[in-house]
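Dropping the structure in here first, questions after.
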């Protein structure tokens, strides 16, 4: 057990270090640097020498490895640097924006669950019926319609015409409804279809017939036998998209002026605010790692054979 | 044997039938589009702007009206189809070509291979799409190849992981072990025995991803990857119509519908293929 | 019904054409048993078997030494220090109570599961620790029929596709003598015929077959490339007696004419008795009794063997 | 007459697999169904509980306690399955949901059929396993951790648990050694005596037919070629196929013929 | 619809009886309020902070604000007299020392400000400041208009999130990226505001901003979606205001490219731009066609009398003919080489890609093949890649009422925004002279001279001055002023009905 923990820990550490190294190189390969933004060339007269001097001062002219070394030195002291554009500590900025994003993501996931679970289940159970057709149509529209459009329609409907729900900002629960709804609906489509497809597989398994022969109700067969069996692909895609979900909320954050991490990062990218981007990638890498590790663990829970045979050598 | 809840009352219709119908429909649509396209192209240059004639309603000259720069919407829609579908299919299939083997190998080999492969995949997930696109466009410049590369980088992981999850559980089963005792090479076990099992989910995901990829392409073209304006392209048309959300909503509806129909078609194709791999065809009552 | 009739039928049903057991391997096999060999070595009708007798004398086709396997979390080993060997052209029967470890042993032999210790010497090479690419060349020599045929067939593949697997992968090295590969279809037809299945089944999926049909498909697959050793784990359990007889005849035929060796796991003492030259009895992972088939009714049998016989 | 199958046909899209079969099982009777592999025995038995694979379709009548099962709604069917009609399937592995322990299956089965007390459920599950010669410790295991015979016995124990009126056992002892099979069949016989349930027993094993059946039917290529009392068929078979089938029964060694013993009771 | 109207007025009436408040919606968002660093200038715009000197929006000259007066003989030694009646929102009096501390913090925290102000030393003496710049620096006063030089009380603990300035509103709460809650500062030196509270929120989506105004959630919207104005105007009492800004959308010419070096080609390209069409349609009239870089109302903007100078396709063809091009098979060709141009554009300013497309289409019609290349960061791309011919770009030309910034940045060989790569000695001389000239009138003459030079040589081509659009609920809001500088938004005059 202890060794397992150590090993996992080591794995995370090496993984993070590697990711940070790659991302460090990668984002510095992107054309541009933050100097023009810092000097506010849009409004202040700046000469090319000043730009060059600034570059020199910020160390952008040093070899990348030295830059990385410096960054790493700070990193191991848990100093993630200050944002170039605001001068504030990066982690503080990210952590301040994180709750909003988490809220939004959770809200969207809730919507997704409320939409995808029933719709996906029904369309698998009543395969070929009207409900299957309707859910397919909905999910296709969901997959093809950009979320900003959906968001605008929802704002127009529930913010302007009926309901008077808040359409922007982050003030309590009411302001969370529309953005979560938009994001949730936008991501639901894949899960509806995936769950359906997976459930169809499960429902044709032999053990379902045996359960039926034992007199179990369809509901129970579905919940206790088929459903769990059909979860792995759904959870997998969920785990994968959680990463992109956090990055992908930016459209919604902008539309609803929801002050989350997505907007922060997109701005950071636009301004080449390296420390902020790095901080974000670090957080994302941690999140992705844990989410996907959790997903992997869930396979084991869903399929005990995997857990118990894990130690067996594999050819 | 009639049941209400779980089985359609009649005997299942032949799937082949509906498939032929799709092909026929597709063919008709294609022919119609092609002829309309030539016709419209002779009449309207899709890139020629006409500021005085912008935002016109539908008329006989412009069946779907004109866009914000006075260009014929129908012509752009027809022309854009080729671009849009071509790029997105190319990108999607490349993502599949990379993602599926990756997932197969990771899930089948397990152990260190799996661990390393999955950490690589995680790494890709940690990068925001925009960063990838910016770096690529900065390093390599615009071009279809780089566009496809950017999308592949963003998309392949989901396929890899999806495939892996199925392979992980499937390769526990006796018939895979038998296949191994039959001396099948790993590659062959993966392609012959495991691929049919993953096809269903992958097709579902891929057909829906097509829509997302079309939208992604348009947002990538903003930062220099992909089609440059004024090339007609559905995703870009959709984005360009954004300001007219309140004044001319149909400008968004047309490309939106076009994308929906393509995704629908892909989805039907996916379902058809899925049914082919789904040898048991139907749920039991 | 007259008793004489029955006796006639009885003697007719024992159609052991060649109880050709190699004395040397028997000696080795019996090293730790009290039984002495009394097998009469009728000369082999098969040239192949005859020419290889010399070789078989000191090198059995398959020799297992001190094999053990304990499942994670189990209190006692499923296979406990098992040793035996099989000579060329020999059929070794393995009987034992349900859950005693027969299938586990079989899976270990096939390297589907890893034994914790012991060696599996197949054609002179210990394959117990070989892995991956190194193992693959040896795969051709040993094949298995699983106990549960449903799980052993890929539900997404047609019968023909499942059947062709071994040939497409290993067939080039195998010198087929019984079956002949002219075309894929013809080959599959031969295989299906051999197990008395209609050719039309080739294009069906496993779930469209009956239990017995599935089992016969897996048998056909196992013998399709004529390996040296076939491990048969309850190969005829769900066959009607006529098909059962036919399949067993076929197996015997192949064995004698091609010099195949079998490890024949079965609950059906009649079938085991009919097929095998030697029989092992397994209990709680250990081999508790070994004897020549002819000595089945001998007095010195283990109590459990006797119970099996009496119940039968 | 607890079960009476009348002119039952089972057809797929291309062909008819079971052709116009009639068969009856009397109350408290041990009815054996033997026959060719692939002749349609399993499908016939599945049709009774409306459990056919979806690509197959049954026509005819299946009267269970007087009412036609083929016309029943799924809900009504469910009320019968598990409590009044219970199944042992040929694919013993498929009987268990892979990610649930054996114990969970026993527990759930009793629970949905109305057993409220969890200790009672647990004890009965343990007893049931012991009655088929299994260690109750197996309750904690997952299906894949059991040997073939253990699984089969567990599924037999499960289907006997609630004393059904009709037990359909499809090759229920194929994975069992003769000692265990004997034990299981003794248990079946005892159960039958206690509860008076009818058993439709599909088998290839003449010994079992000989020892336990009251009547038997012989199937070949989708038809029943012969049915009747055990003695009549075993000792005076009419149909050519039956005769061959009996003849092919394997015999062991010196004297024991597996199906047909010296005296006929 | 009418229902939302009645809703609005009803709720407004209800609010008016208790609290007078205004909800303002701005088109940028910020996650930091540091008055000296953050370039969104929100503290100044929201009325929290003020600068020493401000821009007089009517005359477009600099005017006193926290400073009463200022003076310099040589452009290097400056004396600034502060008002003596100013207090910070925490009640402390603004003194020379506090101003000095504030300026020093600005210099310390912001490289940009350090670069821009070129301050060497500051000395405080009562309400008087003595400032020396590192070099003669005539624009110094106008640079003090920059919102990042705003005066705050630097002794406050949390400047980044809760700056304390001298403005009419003090900050109650700040949600980064979302909004500021402000309340009236009663001790404001110029007379306290009639309002009790102001909410200053951000939303970067134009459609969403329009819809927020429609739904009555906000009262004033900065830059609503232009295309939604028609539907906004149908709402009773909605007021839409527009003012041209100091910004110019221009076509930057890459003077390092062979074809562009030819003045006649530049003239042709300039003639090709359909300015009026673009303003009328893409901007729906909210903007004005540009001739030169400076907004005509600026004192130093040249009066172009040759406005009638030929434009249109014919003129373009004529210039091209003069340059030696002929139309061959519908393609403009010179010496067998067709005229092919690469046009850069970027999406951060949504108008620019549209202008690019219109230009491309017009060029196509006279046989010029223009390839559009959309890029991410224009400044960096233009500076490091020289494989383009023309570029759409948007510039502030006189952000603080002075021409020095634009001319230096864009036309001086050392300027950071000199993407043309122009090194015209004559123009450089004018700019250098401007940099040493203190007297405003003389500076105006030089600026005009430079602008004319640019125009005559078509160093860049100017398309339009976009307008700032503000829409507000006229039934509620009183005294709203849309400024050209876009610096001043919430002030002490703003009121509700």
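Every chain is named by a letter (A, B, C, D and E) in the order it is written, and numbering of its residues begins at 1.
Keep in mind that, in the parts below, contacts are C-beta pairs under 8 Å (C-beta built on N, C-alpha and C of every residue); 3 or more make two chains touch, one makes a residue touch a chain.
The UniProt protein names, listed by chain, are A = Nickel import system permease protein NikB; B = ABC transporter permease; C = Dipeptide/oligopeptide/nickel ABC transporter ATP-binding protein; D = ABC transporter domain-containing protein.
Since this is a predicted model, take the numbers as computed values, not measurements.
Trainee: Can you name the chains that touch chain A as well as chain E?
Mentor: Correct list: B.
Trainee: Enumerate, in label order, the chains that touch chain B and chain E alike.
Mentor: Chains that touch both chain B and chain E, as defined above, are A.
Trainee: Determine which of the two chain pairs, C-D or A-C, is joined by the larger number of C-beta pairs in contact.
Mentor: Between C-D and A-C, the larger count of C-beta pairs in contact belongs to C-D.
Trainee: Could you work out how far the Cα centre of chain A sits from that of chain C, in whole Å?
Mentor: 54
Trainee: What is the distance, in whole Å, between the centres of chain A and chain D, each centre taken as the mean of its C-alpha atoms?
Mentor: Using C-alpha averages as centres, the distance is 52 Å.
Trainee: From the mean C-alpha coordinate of chain B to that of chain D, what's the distance rounded to whole Å?
Mentor: Inter-chain centre distance comes to 50 Å.
Trainee: Can you list the residues of chain B that touch 2 or more other chains?
Mentor: Residues 5-6, 12, 134, 138, 180, 242, 245-246, 280, 282-285 of chain B touch two or more partner chains.
Trainee: Could you list the positions in chain E whose residues touch two or more of the other chains?
Mentor: Residue numbers touching two or more other chains: 207, 211, 376.
Trainee: On chain D, where are the residues touching two or more other chains?
Mentor: Those would be 51, 53, 55, 74, 91, 93-94, 145.
Trainee: Which positions of chain A touch chain B when the two form their complex?
Mentor: That would be residues 11, 15, 18-19, 22-23, 26-27, 29-32, 124-129, 136-137, 139-141, 143-146, 148-149, 152, 156, 189-190, 193-194, 196-198, 200-201, 203-204, 208-209, 212, 218, 232-233, 235-237, 239-241, 243-244, 247-248, 265-266, 269, 277, 280-281, 284-285, 288-289, 292, 296, 299, 303, 305-306, 309, 314-315 of chain A.
Trainee: Please give the residue numbers of chain E that touch chain A in the complex, ascending.
Mentor: By the definition above, chain E touches chain A via 1, 4, 7, 25, 29, 31-32, 34, 37-39, 109, 111-113, 115-116, 146, 148, 160, 175-179, 201-205, 207-208, 211-212, 214-215, 217, 348, 376-377, 379-381, 384, 396, 399, 404-405, 408-409, 412, 414-418.
Trainee: Going by the contact rule at the top, pick out the chain C residues touching chain A in the complex.
Mentor: 72-73, 111, 113-114, 131-132, 135, 150
Trainee: Using the touch definition from the top, list the residues of chain D that touch chain C in their complex.
Mentor: Per the stated touch rule, the residues are 34-43, 53, 55, 90-94, 145-150, 152-153, 171, 174-182, 204, 206-207, 235, 244-245, 247-258, 260, 262.
Trainee: In the complex, go through chain C and note every residue touching chain D.
Mentor: For chain C paired with chain D, touching residues are 1, 3, 6, 9-10, 13, 71, 95-99, 101-104, 147-148, 150-151, 207-213, 216, 234, 237-245, 267-271, 273-274, 296-297, 307-309, 311-312.
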